[in-house]
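Note that chain A is present in both complexes that follow, paired respectively with chain B and with chain C.
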Partner chain A sequence: MTSRHILLLGPLLLLLGAAYLVPFLGVMQWSVTLPEPGLGQYRTALTDPLVLGVVWRTLRICALVTVLSVAAAYVMTLVWVRGGPVARLVVELCILIPFWISVLTRAFGWLALLSNKGLVNGWLQTIGIISEPLTLVRNEFGVVLGMVHFLIPFAVFPLASSMRAVDERVLMATRGMGASRARIFWQVFVPMTKSGILGAVLLVFVFALGFFVTPAILGGGRSVMVAELIYLRIFQSPDWGLGAAISVILMIAVGALLALMLRQTKGAAR
Partner chain B sequence: MFGQFTALADITLTIARGEFLTLLGPSGSGKTTFLNVLSGFEPPTSGRLTLDGRDMTAMPPEARGFGMVFQGYALFPHMSVEDNIAFPLKVQGRSATEVKRRVAEMVEMVGLGGHGHKRPAGLSGGQQQRVALARALAYEPPVLLLDEPFSALDKNLRGQMQDEMRRIHRDTGTTFVFVTHDQEEALALSSRVAIFERGRLQQLAAPREVYERPANRFVAEFLGDINILPVSGGRIEGRAVQTDAPEGDLAIRPEYMALSLAEPTEGNAIAATLQDLTYLGAETRLSLQTPGGVALVLHQPTASLPEGLAPGAAVWATWDPARGFLL
Partner chain C sequence: MIQLRPGPIPLILAALIAVFLLMPLIAVIPVSFTPNRYLSVPDAEWSLRHYRSLIDKPVWAEGIWLSIRIGLVASAVATALATAFALGIWMLQPRFAGLLMGLALLPMVAPPVVSALTLYFFLITLSKVNGIVAYDTWAGVALAHAVMIAPFAVVLISVALSQLDRRIDLAARSMGAGVLTRVFGVILPNIRFTLLTALFLTFVLSWEEIGVTLFITSVNAVTLPRLMWMGLRDNIDPAIAAISVVLIAIVVAVILGKTLWQLRKAK
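Our next item is the complex of A and B:
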């Protein structure tokens, strides 16, 4: 990169610095100074049962969401990359349309569908399958559903690039050896797209860790995740120091995962 | 007899058990399509394919059990050499001890001893090609189909792999059907060569025959340099010559023509002017032009050329009448 390139990148770097780096340095400062200087807030963040409970729930939900999103995205991507023209178009729309709708709109959409007086419960009651409404939102089920819905398209892209890289002739050779479709899929195709799967898993997991809007709306305060906990510490209780310490820990975790992802994609490129 | 087949444009050919048949032609000539019909990846719109009298036209590739080797080798990148070779054996449900024994045998046969635990990415092109060959032959298929397997290798390695291929064909007795666009490769390897052009089979014969007795002008020109002289009334440019028939195009391979400074007393000959000499070491390539404007190419041993031969010299091109053939 020459100095001219850096000059062209300048405005962007300045914006990113002002919008992210400076505030993050501020947050780091809070975490070691509020209410008194020291690492006390980090000790609390790593030992307090309430915080640990939220962290544990976040990891559990994120793991579940990741598995479900990547599995669903794998099937969708398979159709997208290898399906017929109509199937391709349908999948393409299913991937693109969610990108045009804000996460907030989608969360409220799920509420309209799944709340006690929502469409799904109303319909099930009308045809008599259930007498009491099912609790579909304001719990972990709703959170997981909303997050999976949001994250599937993000998992599609790394999967698609790895599936496109699969050499058709390898699959032909495998068929020629008399292998069944199931064997070709599980023993040849899936292992050959391993790098895409790992990329999708890391991307979705990192994204899920910082989720705020979806869990806040669809969890209804009953299944608080880390991002919401930070929000509560800073906006609804004067506990800036603890909120800041949890932020920094989350940031480090995300940074470590991103580094892993970068190493993984570099490894796959070799 | 291995089978009979009619497709592309009226192609009927029978492949004998254990033979090394090469499908040769320029790109787009239909040779690869023909191979895909044999493998089952492209069903023919009409025609029949039989193996030992059994109709297999509609049989999917996985049911045919043919071995296949592709241009890009098509190895499993996530498996070691041994696992690659073991895969088709496991598909067939052979016992673990049998798989192990056979894999060791195949690794030995293709000369990859000591590389068994490596991944394909850790091997050279030639080594990967050997793995592909071993994998395709491991389950003893009745027929091995090879789609331009050497096109990615450099010239030296190619020659080495060709020798190896001949040896493996001899040792296994498997029927090989080999697709290539490289004439020398086809002539060097095959027991018979099938020459394709525009979806039609032009000639099917032993290498020597297609080279020395081509069925038509396309085959003659596709298989290397050739000199073509129009004959009319038993004469070429007014000079009487001995040919099979008095009319037609007489074709002579450059290595069967000789250079003479004086008008020869016997055999066929034509006067020409030397245009250019290209020194190729042991051989020299001479470009000649007849007064009638026909360009000729001669390949002469450098040692046999007269001293001081230079462009512009008046010379004679001579040939044994038995070496010329009419197209």
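Our next item is the complex of A and C:
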């Protein structure tokens, strides 16, 4: 350790240590001391039917959201990487514009579309298909749509790098040997981009697990997910110990998934 | 070599997904012109009242100004610390560089809600000893944002440094340049574009931050996203539609401008 080390590396590490690492230890301490010392809150978090119900809903929504957003992102990336110049530009704009718009604005956009007096119900009523507005939001359907919308751009980046790495000559060879477009896609192209798909799946799933804003707005308190449950246990029906215990479990789960992701990318690099 | 282009099926699917991605952003526009006090689509009469209320009600200007101030401070602090850290890793190549890097990126990879709870703990603890950098103060929010956005600056700057030719630094050193000259005269000028990008990205991230802000503010430090959140939860205020249209228009204008500029440059 020289003075240069301290001068350059020190400030950021000091900030993160003081404002993040130590307070996280404090949160861990809450989880084993509030309201009484012991592992009682972890027992509650792992056995209480209400908490388990929320965990189960979170996993179910995250799995569905991951499949839908990676599939949609795969199509978009395919056109972005391999399409003609116009298609490329259009896809790029459709990914970049939502990417830079805040999660609140995007969630609000879904409310404008799907709420009882929103655009979709308005159209359906004008055409006369329905007489009463459909409940499209403030439920799981709205949450899934909003989350998929938020996560598609994030899934595009790992997919794009793996699609760019595909060797063009392999595709030409299969084409030359008479394979159909569908066969080239499913049996050659998709397997060759497997590492990108796995990376995108893990990334989106990890993001989705800790998601808070979109489910809170579009779920309207009716389909609470883990992150919102933590918020509620801290601010609305306070049980700080339980909120802290769930946070610690969530952190461990995400850490394990990230370790898996790191191993995967290292394996792919080899 | 002729590249195999995507066929009609992926193109049609991509067009549908593009509509899906843009639809909620477009839907905000008609709603923002509603004459009613509640979220609705205007049928006969279009009104500018919700745009007026953005100007007439001082809360909006206060929220915007607070978010700008917090964003400027947080992005400056985060970029400065991240630059020093990335330089340290690149120049000194310390032992356990991987571990240090992992630590620096922690707030970016941890679930946002866990970060929020952690920073809430941090700020309420600080509140017991001072009233300036504390829970529900602008300085507290700026510090918490700096923690959350610094990892993004670290990533950007580290990538730029890894692409920088080490020999220019070695050349400067062998000709007798001191550390300060090497850093400020040679290395930083070479990555100045990335430094500006990092400042800009971290500013935008702080400007739209809501997950952490929700935990660490209540009634005093009401940033623009916090204000929008309050108008979104129960009775939806159509003024949110008006501010959303403004925000979307800015993003679209910047991205279109940048794309056009790149297209012209490519010609």
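Things to note:
Heads up, the rule we're going with is that the second predicted complex is superposed on the first by the 260 of 270 C-alpha atoms of A that agree within 3 Å, B and C clash if a C-alpha of one lies under 4 Å from a C-alpha of the other, contacts with A are read in each partner's own complex, and residues count from 1 in each chain.
By definition in this document, a residue touches a chain if its C-beta (ideal position, glycine included) is under 8 Å from a C-beta of that chain, and two chains touch if they have at least 3 such contacts.
Just so you know, these numbers come straight off a predicted model, no measurement behind them.
When the shared chain is aligned, no partner comes close enough to touch A:Val32: not chain B, not chain C.
In the superposition on chain A, A:Val170 makes contact with chain B only, while chain C stays out of contact range.
Contacts of A:Ile101 after superposition on the shared chain: chain C is touched, whereas chain B is not. Once chain A of one complex is fitted onto chain A of the other, the partner contacts of A:Leu46 are absent, as it touches neither chain B nor chain C. Contacts of A:Leu134 after superposition on the shared chain: neither chain B nor chain C is touched. Here chain B and chain C are compared by how many residues of chain A each touches, and C touches more.
By the touch criterion defined above, A:Val67 reaches neither chain B nor chain C. Of the two partner chains, neither chain B nor chain C is touched by A:Leu59.
When the two structures are aligned on the shared chain, A:Leu124 is found in touch with neither chain B nor chain C. Note: residues 172, 175 of chain A belong to the chain B contact set and to the chain C contact set alike, using the contact criterion stated above.
Contacts from chain A toward chain C in the complex involve residues 2, 4-5, 7-9, 11-13, 15-16, 18-24, 26-27, 30, 72, 75-76, 78-79, 82-84, 87, 89-98, 100-113, 115, 117-119, 122, 149, 152, 168, 171-172, 175, 181, 184, 206, 209-213, 217, 226-227, 230-231, 234-235, 243-244, 247, 250-251, 254, 258.
On chain C, the positions that touch chain A within their shared complex are 1, 3-7, 10-11, 13-14, 17-18, 20-25, 27-28, 30-31, 38-41, 81-82, 84-85, 87-89, 91-92, 94, 100, 103-104, 106-107, 109-122, 125, 143-144, 146-147, 150, 154, 179, 204, 207-208, 210-211, 214-215, 225, 228-229, 232-233, 236, 240-241, 244, 247-248, 251-252, 254-256, 259. Taken in their complex, chain B has these residues touching chain A: 39-41, 60-68, 70-72, 74-78, 87-88, 91-92, 135-136, 139, 145.
Residues 167, 169-170, 172-180, 183, 187-188, 191-192, 194 of chain A touch chain B in their complex.
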